[in-house]
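Please see the structure below; I have some questions.
Note that the chains take the letters A, B, C and D in the order they are written out, and that residue 1 is the start of every chain.
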Amino acid sequence: MTDGMFDVDRIRKDFPILSRELPGGRPLVYLDSGNSSQKPAQVIATMREEMERHYSNVGRALHTLGAESTAAYEAARDKVAAFIGAPGRDEVIFTKNASEALNLVAYSFGNPTCDDERFRMGPGDEIVISEMEHHSNIVPWQLLAQRTGATLRWFPVTDEGRLDLSRLEELVNERTKIVSVVHQSNVLGTVNPVDGILARARQVGALMMLDASQSVPHRAVDVAALGADFVAFTGHKMLGPSGIGVLWGRHDLLSAMPPFLGGGEMIEAVWMDHSTFAPVPHKFEAGTPPIVEAIGLGAAVDYLTAVGMDEVLRHEHELTVYGLKALSEVPGLRIIGPTTAEDRGGVLSFTIPDIHPHDVGQILDDNFGVAVRVGHHCARPLHLRFGIPATTRASFYLYNTTDEIDALVRGLHHVQKVFG
Amino acid sequence: MTDGMFDVDRIRKDFPILSRELPGGRPLVYLDSGNSSQKPAQVIATMREEMERHYSNVGRALHTLGAESTAAYEAARDKVAAFIGAPGRDEVIFTKNASEALNLVAYSFGNPTCDDERFRMGPGDEIVISEMEHHSNIVPWQLLAQRTGATLRWFPVTDEGRLDLSRLEELVNERTKIVSVVHQSNVLGTVNPVDGILARARQVGALMMLDASQSVPHRAVDVAALGADFVAFTGHKMLGPSGIGVLWGRHDLLSAMPPFLGGGEMIEAVWMDHSTFAPVPHKFEAGTPPIVEAIGLGAAVDYLTAVGMDEVLRHEHELTVYGLKALSEVPGLRIIGPTTAEDRGGVLSFTIPDIHPHDVGQILDDNFGVAVRVGHHCARPLHLRFGIPATTRASFYLYNTTDEIDALVRGLHHVQKVFG
Amino acid sequence: MIAESLYQELILEHYKHPQGRGLRDPYDAEVHHVNPTCGDEVTMRVKLGDGGKVEDVSYDGQGCSISQAAASVLHELATGSTVGHSLEVVEEFTRLMQGRGQVEPDEDVLGDAVAFAGVAKFPARVKCALLAWMAYKDAVARSSA
Amino acid sequence: MIAESLYQELILEHYKHPQGRGLRDPYDAEVHHVNPTCGDEVTMRVKLGDGGKVEDVSYDGQGCSISQAAASVLHELATGSTVGHSLEVVEEFTRLMQGRGQVEPDEDVLGDAVAFAGVAKFPARVKCALLAWMAYKDAVARSSA
């Protein structure tokens, strides 16, 4: 793991929590970054420094602290824009998490106050998602369909855990208003191909959204190159603070969309009986934004940029190759998702015969300090698709090591012994 | 300022930023807490400690860090519930700010998927707010009225800056579905009487919401005693972090309301074509919540509780009395809002003849390090009501002193000299 | 090690060798309870006799060791007991589980079920332990109705 | 002190004694621009002559010292100049204002308007300084149309 410049040991030192001892003297083996990542000292220090030296509300304040905080907050927007290759900084909207970003777009449809054809939604219109979505990219569209009478449809998933695009032409058709799919699955690790779906969406005049919550943290994502209309992701999975997410969208679409949350800072002028709205991004940032959190996310982006996203990807790819091989040696273990590391991120979900994931996870944690996630990982329909109620999931990030994967495997052997 | 136990000098030492020097060697005189408050070391340390030792996603994780973070997050809910006298902890919903809380309630009305009579909204139905509202308690209702065809109405404001309730019976009538007014005005300082409006709302079967963004930080607020149906407030104004707000609501109403944001953690079970939802509060907390921020807010509540909200109120009342008197000595200065400290918080907005607030604020900051807010403070209709485009506003908190008010007054004299 | 406070030998024993598992006739009421967040399920039948006697508690289900062992322990405690006594045990078990690890269990009432005391410290697992017991309470209510 | 970089003597002078203030006839175009966030307003009239000559720039308005002084300075620079030259000055002024304090002003082009250089460091005030200048650009475009 130490080819070239990338030095995982040095990186680990940046994460205070990784050297923590768990109760009972267990070391921490954190394999749950797909759920939420840990924070480097640089992010924590940036947030503290902001609160100890510069904090004030942004935008509204003319004084020194206000100017400093506003500059830092808007600089964070610049950093995020550069990080994802956004054509314009104004296309970066800060939300509280990826879920809000997805809901924001969903609520833009079928709003009677917006007469832009692209955002009309009613009976006969269709929304297309997939069977491998996180609940945050399912429920907002279900609620939209219920409110408007539109129809929700979805791509199936193959046995190998890939999107089944065989019926693409039929699923995405002239009635389709928006296609929203995950860029990288949080359960399968699958990285979905965007081009084919996007081309078809363009053909039928549908918009396209990507849930990039699991890709932006782990690989270089260039929204301009991807070509979709909207991209959502979340700070806490990419070394940033909780409480901050991002919606990127094309400027003309964001401008055409009706406002979502109303309140301070999203307005141009307010009278008692009507209001006019600020240009994007502020139109979608009602109220006091997560100021310190956005600034912390900027620091996380700096950190990732300094390491290099290609290095992050390479390291995680090595872990994935190693992990897939190591897990294949656990008797009976079944990987849910691609069993090779191609077009696949470092998220390994699996089942072990006759042992419930809750028991697997609990014993891994209790006996070995190995933190994995168990359950349906907010992707219950995907689990139903595979006929299982739950999986155990180990997910990797730049600070993980092959030693930690070895600890996981040792733990799994012990689990099998306990329940043997 | 040091009667009894309350010692403002000791309190100031808890706020690292207050001993900061501004560029040019100016001391900081922070009189903009109505905009956003500073954070005590205790809150900053709690957030750092969480990120350095315990951080993980909540709810979803079984492992040690997940259990620790979940316990801390839910303990913050307990603390907030106790702080506001909520009958049940499940009535406390964490949002990203007060604006989201207000929008959440506004979006509950007129949703075709909800057939609870109380939340129906259409042409003929009425929403009542007031002319002294913050934009965050105006725009969500304007958007709701536009989406549903309902009518927005409002209480006028008297010349003294009090709610004009003379037409209460006519404004709140059988067509009214909800009355939403500010508890304490962020411009006038006025503390509004709740009982009369509430009694009338009950009489006609309307719901009542209070925007308590400026009261909860500054006085003991007991939601059960107040008796309203919904109360919104925001963490960053009460010594807490940015990125966290609170909606309190009656359990039966929250349960009857349709979900707002869809996604992870707000569900009970998800299928591709429909979902069932978690009980409150989780129903309204879609996606990864502002975890560290909620925990930080818990620490802020601990801090305020330790000082004692009655002490906070008493101290600010003294500052208000002192400030009203001191400002009255500035030639030509006009207070917008009550000129006595009764039923009034420590927010002093004013105009000075022939000098624009932008110039006042800029010179106060540049020459004296006095941070005040200038503009319409997100209450443009209120300013239109008084026929002025903007005011200068000094707002106090527990860490402010009469010396700082003296500095403000000295600064205002200088401003008048510059433009004399 | 911490795990030992959760995975008591007795729990593992019941999980590997569940007592009275399988759905049997006759019965007065059958209920099906699901924990939608983790997918644990239990189907439970209750047959009551004279004088409030619990003649049989039969069940089937799937889920983690905690949820399955809890059903097995419940079967042992309830079968042959009375409705009144068994509901007392259910009460005490619920109190223990919801006590966040702060409640001192009453061993006299709980018997073998005291082995679950460690579960109370893991909020995420409490629902697993309670699933069968809540189903039982429900089934008894329906039988007596 | 910092304030001095913003409140240059020249700005205060123009604010206290605005040049060419008041709306005059004749004019080719009149525009009304508002900065809704702070309420600053300006009404501006432009009268063009032969050869692209700017014969009169008359205005009225209200707002902070920066916005009012900016209108007065604009009046001085544009009146008697040509459309071409005055728009060059507007370009340079805009570049300066939007430069976040990083842009070195071209004094030869800007003349007195260079006094506003300090404003560029205060993003919240940039709009004040630009209000009259944008209105002028707009009015000229309409006059020539």
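In this section, a residue touches a chain if its C-beta (ideal position, glycine included) is under 8 Å from a C-beta of that chain, and two chains touch if they have at least 3 such contacts.
Protein names from UniProt, one per chain: A, B = cysteine desulfurase; C, D = Iron-sulfur cluster assembly scaffold protein NifU.
Since the structure is predicted, the reported quantities are computational estimates derived from the model, not experimental observations.
Peer 1: Could you give the separation in Å between the centres of chain B and chain C, each centre being the mean of its C-alpha atoms?
Peer 2: 47
Peer 1: Can you work out the whole-Å distance between the CA centroids of chain A and chain B?
Peer 2: Using C-alpha averages as centres, the distance is 30 Å.
Peer 1: At what distance in angstrom does the C-alpha mean of chain C lie from that of chain A?
Peer 2: Using C-alpha averages as centres, the distance is 39 Å.
Peer 1: Return the residues of chain B touching two or more other chains; collapse runs of consecutive numbers into ranges.
Peer 2: 23, 61-62, 66, 269, 358, 362, 375, in rising order.
Peer 1: Which parts of chain C, given as residue numbers and ranges, touch two or more other chains?
Peer 2: In chain C, residues 37, 122, 125 touch at least two other chains, as defined above.
Peer 1: Using the contact definition from the top, classify how the chains connect: line, ring, star, complete or other.
Peer 2: It is other, because the touches fit no line, ring, star or complete pattern.
Peer 1: Could you list each pair of chains that touch one another?
Peer 2: Here the touching pairs of chains are A-B, A-C, A-D, B-C, B-D.
Peer 1: Mind pulling up the chain D residues that touch chain A in the complex?
Peer 2: 36-37, 122-125
Peer 1: Quick check on the complex: what are the chain D residues that touch chain B?
Peer 2: Touching chain B from chain D are residues 1-3, 6-7, 12, 15-16, 37-40, 62-66, 122, 125, 128.
Peer 1: Spell out the residues on chain A that touch chain C in their complex, using ranges where they run on.
Peer 2: Of all residues in chain A, those touching chain C are 23-24, 356-359, 362-363, 366-367, 375-376, 383, 389-390, 418-419.
Peer 1: Considering the complex alone, what residue numbers of chain A touch chain D?
Peer 2: Counting only chain A, the residues touching chain D are 61-62, 66-67, 70-71, 268-269, 276.
Peer 1: What residues of chain A sit close enough to touch chain B in their complex?
Peer 2: 16-17, 20, 22-23, 28, 30, 32, 35-36, 38-39, 41, 43-44, 47-48, 51-57, 60-66, 96-100, 102-103, 106, 111-113, 131, 134-143, 146-147, 152, 154, 234, 236, 241-245, 258-259, 261-267, 269-275, 286-293, 358, 361-362, 364-365, 369-375, 377-378, 380-381, 384
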